[in-house]
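Attaching a single structure in structure tokens format; questions to follow.
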Amino acid sequence: MALLETRGLTASYGDFQALFGVDITVGAGETIAIIGANGAGKTTLMRSISGVLANAASSILYRDEPIGALPAPDILARGIAMVPEGRKLFPSLSVEENLLIGNYGRKVDGPWTLESVFSLFPVLKERRDNPATALSGGQQQMVAIGRGLMSNPAVLLCDEISLGLAPVVVRDIYAAFPRIRETGASIVIVEQDIAQALKVADRVYCMMEGRVTLFGRAADLSRNDIHKAYFGTDHHELA
Amino acid sequence: MNWLDTILQGVLLGGLYGLFAAGLSLVFGIMRLVNLAHGDLIVLAAFLILVLVTTLGLDPFVAALIAMPLMFAIGWGLQYFLLNRTLGKDILPPLLVTFGLSIVIQNGLLEGFSADSRRVFAGSLESASVNLGPVTAGIMPLMTFVSAVAVIVCLNQLIYRTSVGRAFRATSDDPVTAGLMGIRPQRIFAMATGLAMVVVTIAALYLGTRANFDPTSGPARLIYAFEAVIIGGLGSLWGTLAGGIILGVAQTLGAAINPEWQILAGHLAFLAVLLFKPRGLFPRAAD
Amino acid sequence: MAILELDGVSKKFGALTVAEQISFAVCEGEALGIIGPNGAGKSTLFNLITGNIAADSGTIRFLGSDVTRTPPMARCLSGMGRTFQIPQPFEKLTVFENLLVAGAFGSRRREAEVSDRCAEILVDTGLIDKANVLAGGLSLLQRKRLELARALATEPKLLLLDEIAGGLTEGECRSLVATIRAIHARGVAVIWIEHVLHALNSVVERLLVLHFGRVIGIGKPQDIMASRDVREIYLGIEI
Amino acid sequence: APAIAQDAAIKLGYVSPQTGPLAAFGEADKFVIDSFLTTTKSMGLNYEVVVKDSQSNPNRAAEVAKELIVTDEVNLILVASTPETTNPVATTCEAEEMPCISTVAPWQPWFIGQQGNPGDPTSWKPFNYAYHFFWGLEDVISVFTNMWAQIETNKKVGGLFPNDGDGNAWGDKVVGFPPVLEKMGYGLIDPGRYQNMTDDFSAQINAFKSGQCEIITGVVIPPDFTTFWNQAKQQGFAPKIASIGKALLFPQTVEALGNAGHNLSSEVWWTPSHPFKSSLTGESATQVAAAFTKATNRPWTQPIGFAHALFELAVDAMKRAGDPKDGDAVAQAIAATKLDTLVGPIAWDGKGLPPFAAKNIAKTPLVGGQWRLKDGGGYDLVITDNKTAPNIPVGGKMEAIA
Amino acid sequence: MTMAIPSFTVETRTRASTLSAAAIIALLLLAFAAPFIVSRGVIQDLFFILTMLVLAQNWNLLAGYAGLISVGQQVFVGFGAYTMFGGVILFGIDPVVAILIAGLFSVALAIPTAFFTFRLYGPYFAIGTWVVAEVVRLLLAQWKALGGGTGTSLPRDATRDMMGVGAMRDVFGMKASQAGDALTYWLALILVVATIGFIYGLLRSKQGLGLAAVRDNEQAARAVGVDARRMKTLVYLATAFMTGIAGALIYVQKARISPDAAFSVTDWTAYVIFIVVIGGIGTIEGPILGVIIFFLLQNLLADYGSWYLLMLGLLGIAIMLFAPRGLWGLFSERTGIQLFPVRRVLKGGPLNLTHRGGPHG
């Protein structure tokens, strides 16, 4: 049964419509990847689900409850946490405080505590009292993920966690995902790095210009299908 | 001329300015909100205390205690329903709306209370003083100063030691992302203004017992409060107190030379600080 | 002859060294690519070159004269054009006006003299149909194009490009490469920071690798890509 | 016999601070004007009063004066209360050739304050249309020193003079307190002009303490006096006498001092016990004050008498002017006034005045009083010195502040 | 690169602006004739409107176009007025000449002020300008020759014998005070025309475009060769000049000055901000509309004392909340009408470029 589901989701920024009827489903414990070029609407989708953008109530269902119109804090309270694009750490807060604030609106017992986040990303423990902005990009991304986990969410939305990071750092960060999956949480990853996405995801949605153009089990999709959905061209056209 | 006394009086005066400015500093630090109605809100609180004192026959300190939650509610509502709509990158909307508010409060109070000068009586405390060797200090000014320090200690504890305080700082950094943490920025801002109004009530208590006030006496001290905040640096409450003291000492020193220089000396001290530290003495690292 | 020379340029933000003893030169008409992990100091290097950030030590020479202490405006007037990694359009001006400003001020000419050229640049960069739209209403992609177009309007002798190809579709990427090549072909020197290596490599003659603020390699793209250091640091050891 | 045509109403313009920090001065205006209109109506006179509020703001005062002249086309302008309102209005009237009667501001700040260069007496010029009646600094100085003479002191005086219209005049080295006090053997310690709404008076208190002042005088706005008085007590400064102008005019402001207001002294320009009668209604001062209290439920204040007198003078001048629309005739009629009013006899005859001010100023009597705590709370203003105007009865002797 | 491109043209004019140009010229002719047509009361009201309009246009130039939100513009009103008084009283200069000198002195004051306040940003700049104004007020309050804190009046003869008044008396047979009014009114009218002309000319020039760029993004503006500091300084000095002149002119008419009145933050800055915001910030039309509304409100409600101010406060709040672009902004958005267009619209070329940018700011 679907834990989280969007039905014909549309979203606009003023006059500009960014999503045109997006349907995705996320099952319990599932890892979903959403891929697509810049401007495809991936972030908009994440922002809609997490409540930053308001939508029609019934366009997003969570445990069969319409949540499309709820504001972000209510979404978090129900167990959907987000790691936003660009990390968005709080510069006035230390590393530890950035993590602690992650469960401000949802304090439930679960696998994730300050200690377990530190054991997931040991380097953060050493820097716990530093201002979050003093860390390297990769470390900041770890704080952002840890912060998302602190509320022990049932669904974790991760927007472009490898954006602008060097491949080595990306690898370190993705190394943490199996341990997050083990706790039973569903994960939605937005990613431009298709290979990386296919590696961790159970299922993949591909978006182009505000629509889902392809979806299926990661293992079933051919590279050419994805390429076509992603770029609108065949793979072999690539030099 | 007694320099020691001059400086002591200046420091105590600085306590009063620090108290006037602490609420402003809180609001300015968290929301970048330049509240031009701050002075009028102090006067409003003073009238509230006055009404409680005269109708219920309460001691002013007790009256202030009762006024605090009321003022908190006023501040909360003001922020939640009005000022939150003005926040943004542009500083003009809050400037204008709070200026409008200032006019509304002043003239509302004028309609309600007439232009008469009022006073809140603190009994024999008013003229009591302690002898500190070569100088004497009034009990009330001392209490004002101690209250300013206490207010700042409490606010700092709140902001740096509690989870609500973390939420304040996080929201101040980035309200949208704070929302993703389950923080409701609108309410955090409302709470911050509510808290500022509690501080305002304390300031009003000392304003009302120290000198006469009338509906129009708010703006006169607003500029000192702003100066204290800016000298101290955005978001630093201790800086705000330091700013108040710098102003106070500059004023008493200026007055000791010639009373014509009293207020001018305070302003010049402010300009001098900004000339060398355009972001104040203790600016926040970010922004 | 060198159009730009850096000699021992260093910069620290507090304890963080973002540029350490950087020395290199770019010849007239050359195209140089800069790569390096996220946070390596690439954008900071641009800011040092253009004067948005003052160097702690070292000298920067442009067109033979020392510009280490001259303000950004003067450097632009002497022929440096740049794009910002995070686009910085003049939001309340139209796209065309954005270019007019750059054209009129950057090349010190009257508005009327530059308007035709600005229109041409809009055609070249594919923004012509947005000419009279407020720049604040553009999508990220269009904003990046506007960055490029605006930099071109200043008629630079040296063009500094900061990550303008990220997230383009293959077709768009190809046309971007063609545009940059054409600019380059007219004798404009180019320094281009980019993560999209195949695009970069199809334009530049040399590559410079930056790591923790230090230059760890500069040379022909093939040589650089083949070097062990670069592979380890930038691409990860697994390759 | 009144030669005024019954059909065309005579239009009087009236400006005073009805709102803002000086609003206490304008408190009685409505009462005075209402009763004036009823009286004139019953006398068969056709008067109209256009009331403007200066909002305690000199900019606004000048604006409304222009409006009265130009838009409302009044025949005469009456203005009252503090140089911040009287001076801009009088200046405007003078420039517009509009007759104007002004009051409730000591004449020096009014006259000298309207001169281009107040520092240069040779440049001072009299006015053709602006006339003022009130007392002057010489009166308040003699009233104060007479009061001080009743009590044994070391004759050391501390002065509190702000940098405003009144303060600069009172503290002036030529026309103000300093030369006279010196002549009379008082030592004046004047630390200098301060700005109104000052939060700290320790500089002044220190100066007074080290000068061992037993007397305090000055012209202070109410909030500043409260601040000063509290701080003085806190810092152990207790003068025997405090005679302060302006701050202690109104019962509310004295009450605002709590018990600390006892035996503070002040100038008194009008009380219900002044032995004068209205030339319009024949009522005595006591009756007018009682009528005010009855109508408004507020204690009497000093401006009542002067606001009333303004209208008496207006009616008197208009009667004699012939054509009320002829500004020059009205101005001449004002200059020729000889009228017994609610605040005493008024005539612009130069009596008791230096030659430069003789034309435009008429003086009214001034006495001194002390505020005394009443048994049941509240304060009484007791007249303690009348040497300057013996026809006004005293109510008690001066007492030193406990 | 070299493909043939159908030729482009750049336009700023709109149909409304062509019509309005004609209407404005007609209106101006009427305005110049006003002293012969309407009563003195109306002339004085118009004088008030015109001088407030000058202040409003200047504040708008500063805040709406240069992004410099100042709450200390009263410093130039007061300083200009005091310079004029000083010139007339102490040096016997003709008031009309003294007005011009006042403008120059204001610029002289603005130079050190700019040096200081330009180090500050956003709210710091706003408060900094206010404090500077207070400092100047307190310093002038010590100037005993001009009355110190008491203030002083302009000698009656000075305005009576003002340049041009005599001639007007002789030629038009006006009374001295009437001639004085007409003269100050014409000066105000000229000042308004010059101010709006200057601002409009500036905005349509290359410098105006640069100014808009600086306001939108200072860093990017510098990167494309705009000298942001020079641009802001230029605007600041220009507004100081015009505001100083307006201040002097206002006080020639008032004839009485005191530091509190001349440096009133409420009268010369807060109300001016109201005017600009009610009308619409960042447009030339906005302050014009704003000053008319302000004047009407003041006349309708002034006799209600504190209620008037209360209403004004509420109105300001309401406009800021519900129509942040002001009433002209609302109107212009609905109708697309602009009387003073500055937008450069690209026309022609390969595509039919119809989309318009709307008003600046």
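Just a few scattered comments:
As written, the chain order gives the labels A, B, C, D and E, with residue 1 at the start of each chain.
The rule we apply is simple: a residue touches a chain if its C-beta (ideal position, glycine included) is under 8 Å from a C-beta of that chain, and two chains touch if they have at least 3 such contacts.
Note that the coordinates shown come from a computational prediction; the quantities given were computed from them, not determined experimentally.
Shared contacts of subunit B and subunit C, meaning chains that touch the two of them, come down to A, E.
Relative to the C-alpha centre of subunit C, the farthest chain centre belongs to D.
Mean C-alpha positions place subunit D and subunit E at a centre distance of 39 Å. Per-chain CA centroids place subunit A at a distance of 52 Å from subunit E. Put simply, the C-alpha centre of subunit C and that of subunit D have 75 angstrom between them.
Each chain gets one centre point, the mean of its Cα atoms, and the points for subunit A and subunit B are 43 Å apart. Counting partners per residue, subunit A has no residue that reaches two or more other chains. Counting partner chains per residue, subunit D has residues 19, 163, 193, 195 touching two or more of them. Annotation for subunit E: residues touching 2 or more other chains are 138, 142, 306.
Two chains count as a pair here when they touch; such pairs are A-B, A-C, B-D, B-E, C-E, D-E. Chain contact summary for the complex, subunit C toward subunit A: residues 16, 36-39, 137, 139-141, 166-171, 195, 198, 233-238. Interface of subunit C with subunit E (complex): residues 50, 52, 71-73, 76-77, 81-82, 84, 88-94, 96-98, 100-102, 104-108, 110-112, 115-116, 119-120, 122-124, 128-129, 131-134, 150-151, 153-154, 182, 186. If you check the complex, the residues on subunit A that touch subunit B are 50-52, 71-73, 76-77, 81-82, 84, 88, 90-93, 97, 100-106, 131, 133, 147, 151. The residues of subunit E lying in touch with subunit D in their complex are 39-41, 44-45, 48, 85, 88-90, 138, 141-142, 144-156, 158-160, 177, 180, 254-256, 258, 260-261, 264, 267, 303, 305-306. By the touch rule above, subunit D contacts subunit B in their complex via residues 19-24, 163, 191-195, 197-200, 202-204, 206, 210, 222-224, 226-227, 230-231, 233-236, 252-253, 255-258, 260.
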